[in-house]
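Have a look at these structures, which come just after this line.
In the two complexes that follow, chain A is the common piece, with chain B as its partner first and chain C second.
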Partner chain A sequence: MISAFTYKSPTTLKDAIASLASEPGKSEVLAGGSDLLALMKDRIATPEVVVNIKSIPNLSGINVAGGKIQIGANTTLTDLIEHAAVKKNLPALVSAARDLGSTQIRNVATVGGNLCQRNRDWYFRNGLNPEVKEELQYSSIFPMEGQVYVHPSTLAPVLIAYGASVTVASGVDAAGKEKTREIPVEKLFQVSDLKGKREVVLAPNEIIVSVNVPVVDGVKAAEIEVRERQSHDWPLVQAAAALTVDASGTITKANVVLGHVAPVPVRASAAEKLLVGKKLDANLATQAGKAASEGAKTTPKNEYKTALVEVAVKRALLGAVGNEYWKGA
Partner chain B sequence: MATKTPVSTTINGEPVEFLCEPRQSLLEVLRDTLHLTGAKEGCNNGNCGACTVILNGVAVDSCLVLGVEVEGAEVTTVEGLACRNELHPIQQCFLEDAALQCGICTPGFLVAAKALLDKIPNPTEEQIRFHLAGNICRCTGYDKIVKAVQHAAQEMAK
Partner chain C sequence: MAFSWPKETHVVGKKIKRLDGPMKTSGRAAYSYDIIRPNQQFGVLLGSPHAHAKIKSVDTTAAEKMPGVSAVYVVKKPGEEIVYAGDPVVAIAADTEAHAYDALYAIKAEYEVLGHAVTMAASEKEGAPKVTEKDDNVLKGKAHQVGDVDKALADAAAKIEGTYSLPEISHSCLESHGLVAEWNGDKLRVWCSTQATQNVAADLAKEFKIPATNVKCITHYMGGGFGSKFNAGVEGAIGANLAKIAGKPVRLMLDRREEHSAGIRPSADATVTAAADADGVLVAFRAVQKGSPGIGSSANFPLPYVYENIPNIDTRMDSVRCNFHMTRAYRAPGHPQGCFVMESVMDDLAAKLNLDPLEMRRKNLPKGQIGEIYEKELAIGSEMFKWKEKYHPPGKGKAKGSIRTGVGVSFHKWGGGGVPIDQVLCEIHEDGSVLMQSSTQDLGTGNRTVLAIVAAETFGLLPDQIHAEVGESDWAKSHGSGGSTTCPSTAPASLVAATQARDALFAKVAPHLEAKPEELVAVDGKIMVKGTTKSLSWVDACRKLGGEKISVLGKLSLGILRDLSSQGAGGCQFAEVEVDIETGEVRVKEVVAVQDCGLIINKLACESQVAGGVVMAVNAAVLEERVLDQATGRMLNADMEFYKLGMLEDMPRIKVHMFDDPISTSRGVIGIGEPPTISTLAAIGNAIFNATGVRVPRAPFTPRNVLPALLKGGVA
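For the complex of A and B:
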């Protein structure tokens, strides 16, 4: 049985923020529970207060308006992948959400929770047990601040490629109204120290309210995950690509984002630079894949990941324009 | 002893009230408090699906839901599938098609299959495999399970 805690199930955002603020650093947000409860069972998280945010109205559901799709943070992944406008406009996001976890997990796991989940590093999940540190086959090939874990979210790289942002509720103003701030998904992540410093830049009393994805005509996107198992597993490497292509077929904007290679989702800037101003073909996609893996700091255990990055980027780019060559003629 | 919270819910169509500590999972409440031991504790962290129940119409791992979260909800466990002495068609087909061996994963598969067929009455093999990927069987293998679900879909369409 997990450690005892005080359970709160506020029905307003304001009360939820107040509950989180009352025990800063000792409280946790409970949304889908698929990450938090597993962490609590392993005594990696031992909060004194658990704030269930599922009773707050308006935190779930999807709105399409003003050139963007606004996804409530509590929207489950099942509801996300079955939403008509999301399927039509954000196929790469559907692909990532569909490949994630299992039906049971997608039925509870939320979009906000996916972004706020803790990393899956075995060392972290084993209570910082030094004996586990040697298992490095899944580790980062772009280590940052001495950390070698990889960021677990597969929605994040896709959301960054689409240019999405999150709206965060952060405290209450003098008039008693919730204050919000907008953060690009790209700026949401930081390198955790595996202790007090989380994988997200949010303060302990901040809650993601929605994820806002711009819908831009002419943007073509795809994501590729290279996996050991096709279902119910984390990918070894993920690449997300969103391309803006003009009438002549020239790439005018390229967003290429990698997942599962670094402690935060990372933009493959060298690949992006290479692509802009050119027309996409298999040769250019191959070069972009090579550019994306440049600068990797690998170990004998994880060097295979550079080859996976190359092929994942190539496939994401060609897949974005409808060339799924790897599925056979 | 920590304070217990009263919870009112509906389980297998019957109104149920129970007391639980916030830290108890729905699985623990079902098995230890309500003595509904059909849902099994396999991994206890959302990987195996042996504890699958239907919560408000969708399949969930009951080990990853707190008991206090089902206030006002509707829960279906494997005990709610059979009607008196008559097995549910999914159960009957699992029997007829030998889609089980040791049986520990079976309640989870039955409930996950029920949730699937409630949503997609005539699923393709791919849809069955996709939707049941959260349930792990370590002895029979999945082919017989997939066939039993296809068989059940046909029986239920009659």
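For the complex of A and C:
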């Protein structure tokens, strides 16, 4: 049950930033609330101040201009999925967003919130931190800094593959205007210590304003999730691929990003290196999948995820060029 | 007086919509959760964070002074043993939920932490901590031996060995356990989510040492029990204690974490060696079985199952106790576990002998009446499912991309006879209105409508002309809704009550129709003289009661029940799955269920029951597993996010056939609650085997269990 807190609902970005504390955990940003409220009910988050940012105009909506699709941080996943330019240009992002949560969650959850959500690790969510963690069936196969949770965002790997960045409002300048900075989505994440250090590099009083995705002609992308449930579930493993292919069919640029295998979304660099300069076929995709899974550190409970990485990467690559072989189509 | 079901019916056995359907679908039905009494307080529980401990001290002084707190009840006193994580230690009632939780966080409890074991492996280990002060960790069962298994194995044409296992799973009742309790002097009234109003009342009378007549349990509507709500339980006693201390009504409903932790279906594990002759007839069956009942005493599951006529048998069952809440009965206790093991063995043997699984079943199904029922069900089910077109030898089906399709079958059995305890009150009023009333409860099965259907049949009326009431413990006697015994008890008791009431009405009306009572019939809303056109409408006939009302308490005896109900339902199910052999993802595409339940009272409700049973077991097959952390003993997936239940997208097409052959219906009413949930998991397991040629020995059939089996089998 939620402990008492002060609720603020500023109407300007400036006031919102001013309402947030600079120390971690003292205040929280409320957008869709689909993650925050659950954290508060379980007393994993016990903020003194909750700052609603939904009353701030211009934080939601999608603009297409200058070769970029700019997605307001407060845009709901439902609005994202239904946007014509997003559907046309960012099919892999639509695929990830459409498979996320349930209709009710997609109607309230926001794009900014999806990037800032906290991890779903059982131990973290139960407020437990035993010396030996045995139940790692959904956990990281690339642990980092001693952490075994996986990053939950399924939009992040796709956004990284598309080369997206976020615009962040961070403080106010001397003229009283909010300052912003731009962070590539790839650099947005860090390994949380499950205490003050969050899963994102943002300061506690920074707010994501928008997500900016470049639209590049000839980029072919796909996203694959292996799941237990068709409805409302987290992937066991996710792979996103965005390929730039020249007229001869040669891959000139390959972005391959994995989700749900590490405490941050991770680039499969070995796979990317293998792909560039070659023409994609089933054999190359299989090799790339193997390369992506190399170096996994598993336990008997999550060993199966290594094999899933191989398959997911292979499918994301072939799927990007329209070869959905696994469906037998 | 002898009673019998009518040969020709106008309501019984038809598809009748539930009388309370509109109440439920419109949200007007008040469940325990919806009850709000004047000054009602919110009750909450502080559970132990340790799986095994002794209370050193409990300090509630700060909590008592917190705003809004109206009752503090220490459940476990210093020195008392805690035997599972979540074991209630202190309960609080306060004017708001927030105040109650704030006070809960202010309680200081100190524990002497003892060693625990929450898995069978940990509990069985040499030198394992004792899970409770009483009893050993492993409760050894008696061996059951027939013939000479070793000799039969040595001589057999085909032999298999395998270990098959199922995890612990949770009931996940839509409405959690709990109640609203209200005292008036030494009289206690509770609105309890229960499948046994009379047990709850009796339990609470005992708890407070007050006469049974002083306790009333009301359960007009409840949101599922599946075997987990037969008694007041620890939550019921605590809720009533809080209300007594507070001097105000208290609502204590478990939250989802507590519901998941309050008794589950035991795990099951069987290492089997079995053999068949060249024709596929089973000749030997050996099983070393175990399961964990938590801190309870039995995790038994039946083996061999359905195909029990085996000349050489050697089985033994141990229950391995662990530090979690003792298991509570779960829909068809033991049967889904036994069924999964047995049916897996059947298909593994059939594969060795290159036999069609249906052929294998035909060779081994029991003989006699139930055997005939099974044979006919097999014929109907395989036709509906198109088994002949779909079946292929294991792993030899056509590939579509990385998808392999497979089919499986399973048979099950259940008892489900009536219990001669139940009574139903039938009243006919002068204005023609009819009351059918019993303390029995509607577990979600349509029991209220059963009373109305039988009355309507007897009176020549329609079910919505009957006012049926269930769910108050001081009404006509009933028993707990378990073992699929409710309808086979309440339907006969309703028939007795309605028949006697009708005959009383005939006696009153006969002179007005210038006939003898035995010449009268009640049909089409009229009381008629047989073979004539002389009649009175139902209402006009009732007017002849002249200020009286007919009031009959229908009672059962063993003799009456023998004529109106039977034991022993049989059923079979067919499943079709798609397995992605690269990922181990399993999608259940179709389930065909053919189910016998003797005489059908409400075909629509029966079909719903069967579909519901299938849905529940599809979840158990492909998703569910209760996970306890070994280090802390706490449940890690005690929510609906990671305790996964399927939604519409995860469900197969479900085709239900209610078996209504006279061979079955002539036996009277048999319960249908449990049987349809028994076979599904086994049939799905066999369909995966058929799709891939690889046995996945452990459910749930998620990539974590399926993919390693496929890799090992060289398929993935």
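Note that the second predicted complex is superposed on the first by the 319 of 329 C-alpha atoms of A that agree within 3 Å, B and C clash if a C-alpha of one lies under 4 Å from a C-alpha of the other, contacts with A are read in each partner's own complex, and residues count from 1 in each chain.
Following the convention adopted for this analysis, a contact is a pair of C-beta atoms (placed from the backbone, for glycine too) under 8 Å apart; a residue touches a chain by one contact, two chains touch by 3 or more.
Quick caveat, the model's predicted, so the values are computed rather than measured.
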Which superposed partner A:132 touches (first chain B, second chain C, both, neither): second
Chain B versus chain C, judged by how many residues of chain A each one touches: C
Touching partner for A:103 - first (chain B), second (chain C), both, neither: first
Partner chain in contact with A:328 - chain B first, chain C second, else both or neither: second
Partner chain in contact with A:231 - chain B first, chain C second, else both or neither: both
Which of chain B and chain C A:307 touches, first, second, both or neither: second
Overlap of the chain B and chain C footprints on chain A, listed as residue numbers: 1-4, 102, 231-232
Contact footprint of chain A on chain C as seen in their complex: 44, 97-98, 100-102, 105, 399-403, 580, 582-585, 587, 622-623, 627, 629-632, 634, 636-638, 641-642, 644, 646-650, 702-704, 707-708, 711, 716
Contact set on chain A toward chain B in their complex: 1-7, 9, 30, 32-34, 37-38, 40-42, 50, 52, 54, 78, 101-105, 107-108, 231-232
Touching residues (chain side chain B, partner chain A) in the complex: 2, 5, 21-25, 28, 44-47, 49, 52, 58-61, 63-66, 68-69, 112, 115-116, 130-135
Complex contacts: residues of chain A adjacent to chain C: 1-4, 43, 102, 120, 122-123, 126, 128, 130-135, 137-138, 226-233, 236, 301-304, 307-308, 311, 324-329
